[in-house]
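The data blocks that follow each hold one structure.
What follows is chain A paired twice: with chain B in the first complex and chain C in the second.
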Partner chain A sequence: MSSRVVLQSRGRALRRLRYATPRIFATLLAFLLAAVWLGPLALIVITSIKPNKEFLNGPFSLPIAPTLEPYQKVWEGLNFGALMQNSLLYATTGSALAVSLALVPAFALSRFDPPGKKYIFALLLTGLMLPQQTVLIPLYDMLRWLHLLDTRIGLIVVHGVYGMPSQIVILRGFMTTIPREIEKAAEIEGATDFQIFYKVILPLSLPGIIVGYTLNFIAIWKEFVFALVFLNSEANFPVTVGMLKLNSDRYISAFNLPSAGLVISQIPIAILFILAYRRISSGNFIGSVKG
Partner chain B sequence: MAKVSLIDIEKRYGNHVVIPRLSAEIADGAFVVLVGPSGCGKSTTLQMIAGLEPITAGQLRIGDRDVTDLPPKDRDIAMVFQSYALFPHLTVFDNIAFGLKIRRLSRSEIETQVRGVADRLRIEDYLERQPKALSGGQRQRVALARALVRRPGVFLMDEPLSNLDAKLRIEARSFLAKMHQEIQTTTVYVTHDQSEAMTMGDLIFVMKEGAIQQAAPPLEVYNNPANMFVAGFIGSPAMNFLELSPAGARLVDPANDFDIEVPERLRPALSAYHKPKVVVGLRPEALRPAPRGAEPAGAPRLAIDVAQHLGHETLLDASRGPHRIVARVASADDSKIGETRPFLYDFDKMHLFDSDNGVNLARVGANAGANK
Partner chain C sequence: MSARPSDERTSFIAFARRHVFVTLFGIVAPVALFACFIGYPIGYTVYLSFFEWNGMAATKTFVGLANYVYMLGDNYFYISLINNLKWLAVSLAFPVVLGFLIAYAMRVRAVYLPTLLRTAIFFPVTMSLVAVGLMFLLILNPIFGAFDTLLRALGLGFLIREWFGDYHIAIYTLAVVGGWAFTGLPMIFYFAGIGDVPKETFDAARIEGAGHLRMMLQVALPQLRPVTAVVVMLTLFESLKAFDLIAVMTKGAPFGRTDVLGYLVYLESFWNSRFGYGATVSVAILVLSIAIAALLLGKVFKGAFDV
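Take a look at the complex of A and B:
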């Protein structure tokens, strides 16, 4: 009798374990992946607040006498204020340009069936997949022809145009979720096509616009190759290019300085991500990319 | 205020004909219901009147104007959609004011008109809310307010009640009917629900495959259907159909002991009919089991299969051989499942239909349908 009870309860425990195992495993895996991603980041943050001597004694040790001195040094040495200003300018205006250019084509692709729609879309996707390097030389030539090499406006235009295809894909997906009847209602109420677009479609696409803008902002902030190739004057450099200096002898020997520079360069993205996180991870966005 | 005339309207998608040559006249101030099963072309017809679907051929007139090629905004119409199609990013006030703002009315004018119509529809307390904060019934009234506020010549309604729950739907029905009596604006109303059509319309257009099968007042459609389709579509439970062979003034099916007498008024039509089979139509309320003890000899005997007790009445499913009927009887009826009872039928409510094309024999030669 009692042995049967034991058997029963053991069976129940086994069964519970069987259901729990995948969940435990998944959780462990998630932690492991997070550690892989966050480990280096943590290391950089820790290094950035350690005096250089401490780092040389033990690269992985926690700081004994934490200091913000490295931050002050790189900020001044690299003229980080100016770099940040430039990056901010490129990211805000470049993304705005990309989104603005994408709005009308995205709407058209979400609503109308022009002949060859499939191919137009395929062409756009190709635009997404082209590696930057392949367009580097033609873009360089074009900018030279337009006398826009080494100008801020030139880089903004490049970023805007380069970001447009992905914005079209994101916005089109979002706009297809807007019910047609709402447009028809606006039409019945007397709105012209243009009024329908800016009084109804645009406000309803706002969540998609925010998502697209944020992603584009991050992409431009991190972008390096275009800025490196198309700009020459230090005054125009964004953070990514300005930080090349950290690669020089003066900084490379002191590990805490590049680390501090890296941390500074990531702060705006971290802020933006926190602000837009809910939008990006919400179902809206998922719904907007498929479809 | 305007009448609507559809003159030989045709709708094709490529080679696919959706509506072949449809003509109808909707009088000024009428409440017309387009009803039919899904795919019958009722919504397409409405969208063509609205100007949301181009008309392939033919002419559409609203009032005295040819509006065939005019955009919706120039047709003097307003529309209520099934999904309400409110603008989710605007408040109730701005939703109602949308069309007025586009027409550039003065701010004070807009204010008065919106408040007036909101008052009438009892949504004045929600004007500052967004549509998502409203219940289904409230949204429906906002959609109605948005249509009403512009005082259009014609109201178009595309299944406006089908997103409401059953109780609200009945309320909204009488509300809409009352509204129409007050404002007397020509209304074209699309629904697939025959009871909605019966209760709301001055005139019902029963549609099937892009053609109007019958255009008549509700009771006329019910009591004198043009054909089997109309007879079967209008009324719930549907009319019973029995396929029998004419034999003089009687209709028989010897194999199943069926022998029904044809009333005097239908005999001329039957004698002019020369096909081997004819379809008898009897509504559920025209059939009942003979009272116990007084069972007439000739009555067809049917086995009771199912009794659905609805409280105020009972529906009996009965059958014999291939013939199946539903009878609507008083709830006091004591029929037992499995028993066989002789059934009486109401002479005055009998219909005869052509077994090939479904045409109501009593109407042949008279006015055989409005649009045929």
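Take a look at the complex of A and C:
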């Protein structure tokens, strides 16, 4: 009697195991993949706290006497304080400009059906997909003509305008999810388009605005080509351009300095990533791209 | 405010009169900005491609089609073009396919701890390619790099190559590094896309005895055509834009063998001061991207972008 129960339960366990086996294999594979993605990052963090003399112990040796000295050295050597300030300035103001330029267009395209809507979308797609290099020379020329070459304002304007198309797409996607009934009431009471935009749609779009702003912030923080070409003086460099110096003999010799520099450059984004992680990586914002 | 003209087609002027604010700030202003900052630069690039100009001089010399003739005979142009295509091939084969597989595996709960995997793979999307490039310069360093050390430890030392020095390999090294940083993007696009497919569709297929392979190919992918359209477009333009990694990691070395079109524009214009020729290569990029986009939109993904 009791042995039958044992047999039965063992059978059940085996069956469960059989169902779980592919999942376990898949999970092992997934861990391997995760290691390929996390491994390099972990190595860089580990390397960044090794003192010089431990460099020859090999890339996988754990730090024996961990130190923050590389951080201090690279922070001073590259003047990271100034670079960070610049990047923060470009990312905050550039994104603010992009979002504010995109708000009313997103409202117009989500709530109205103006003639020629199709062409506006075609324009948007062009702006989204355009390879930066194709407009590099004219923009350079234009900024020089406006005396905005190698100025912070010039770069902010370019970032703002080139962030606008994706912001229109994101915000439009968000605004189409707001039920129309909400503004019907306001409409009946005789509110103008502007009042509906300002009093109804804008407050309700705040979550969408936050997502759009965050994505744009990250995009500007990562941006390299525009900053490289339109800026000349080191005082204006963002992190991406300034940290190119890490690839010089002076810093790269023991790997710990460039590693520390890499970690520093990623800290603001890592913080943002943790704060906004659920919103961004769930892919919810992508609903907006599907038109 | 009167009812909105969503059913009837109105003329633009009638629309503008009724919705002054929306027309002015929602349509005219962005279109004007587009014209100034995107339309005009494109036009100016095309214009410049018929001139010789060092970028500083007040006068530009009209040379007709000379720049185009030069381009068609320029070895570096072909190297760059082929490198762009190689990059595209790697990007379609590695990040896009892998991104889809991971998204699918997470959605059908084929793995435990899906969030860990998703976070790990998505994180590099937020990194600047300058940082990614510098990171892999350290990791792929021929003497002290972690990658070669690992291969040696695993007894796979015979696989070691000069990842950046060997000109057959260098461009693929760069493209794979780019793919490492890019995989998270197709992954979340597919992750969101598969989430929108009704669960019943998958359940029905499973009851009929479909394995994962058939579920992917015959159930998921056909439903995901619009997502695939977006992802392929993104990948396409991402590989046409390939620049950052090259500027950081190889600067085109060895001997220009890792140049791509975008880098060639930069080199010719801002280093060799041949802005006219740089513009010509820009036009080539533009024509290429329009041609491929039109091909994709017209044939493969017909209707996927309807709004």
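Here is the rule we use: the second predicted complex is superposed on the first by the 255 of 291 C-alpha atoms of A that agree within 3 Å, B and C clash if a C-alpha of one lies under 4 Å from a C-alpha of the other, contacts with A are read in each partner's own complex, and residues count from 1 in each chain.
Assume contacts are C-beta pairs under 8 Å (C-beta built on N, C-alpha and C of every residue); 3 or more make two chains touch, one makes a residue touch a chain.
This one's a predicted model, so the numbers in the text were calculated from it and none came from an experiment.
**Q** Using the touch definition from the top, say if A:G94 reaches chain B (first), chain C (second), both or neither.
**A** Once the two structures are laid over each other on A, A:G94 reaches no partner at all.
**Q** Tell me which touches more residues of chain A here: chain C or chain B.
**A** Residues of chain A touched, chain B against chain C: more for C.
**Q** Based on the superposed arrangement, let me know which partner A:P203 touches: chain B (first), chain C (second), both, or neither?
**A** first
**Q** For A:G163, using the defined touch cut-off, is the partner it touches chain B, chain C, both, or neither? Pick first, second, both or neither.
**A** After superposition on chain A, A:G163 lies in contact with neither partner.
**Q** Is A:E187 in contact with chain B, with chain C, with both, or with neither (first, second, both, neither)?
**A** Touch status of A:E187: both partners.
**Q** For A:P179, select first, second, both or neither according to whether it touches chain B, chain C, the two together, or no partner.
**A** After superposition on chain A, A:P179 lies in contact with chain B alone.
**Q** Where does A:T240 make contact in the superposed view: on chain B (first), on chain C (second), on both, or on neither?
**A** It touches chain C, and chain B stays clear.
**Q** For chain A, which residues lie in the overlap of the chain B contacts and the chain C contacts?
**A** 187, 190-191
**Q** Inside the complex, what are the residues of chain B that reach chain A?
**A** So the residues of chain B in touch with chain A come to 50-52, 71-73, 77-79, 81-83, 85-89, 98-99, 102-103, 146, 150.
**Q** Would you pull the chain C residues touching chain A in the complex into a rising list?
**A** Residues 1, 4-6, 9-12, 15, 19-23, 25-27, 29-31, 33-34, 37-38, 40-42, 44-45, 48, 55, 102, 105, 109-114, 116-124, 126-131, 134-139, 141, 144-146, 149-150, 180, 183-184, 188-189, 191-193, 195-196, 226-227, 230, 233, 237, 240-241, 243-244, 247-248, 261-262, 265-266, 269-270, 275, 278-279, 282-283, 285-286, 289, 293, 305-307 of chain C touch chain A in their complex.
**Q** For chain A, which residues are in contact with chain B within the complex?
**A** Per the touch definition, chain A meets chain B at residues 179, 181-182, 184-191, 195, 199-200, 203-204, 206.
**Q** Which residues of chain A touch chain C once you look at their complex with the stated criterion?
**A** Answer in residue numbers: 22-24, 26-27, 29-30, 33-34, 36-38, 40-41, 43-44, 47, 55, 58-60, 101-102, 104-105, 107-109, 111-118, 120-121, 123, 125-127, 129-139, 141-142, 158, 161-162, 164, 168, 187, 190-194, 196-197, 218, 221-225, 228-229, 239-241, 243-244, 246-247, 252, 255, 258-259, 261-262, 265-266, 269-270, 272-273, 277, 280-284, 286-287, 289-291.
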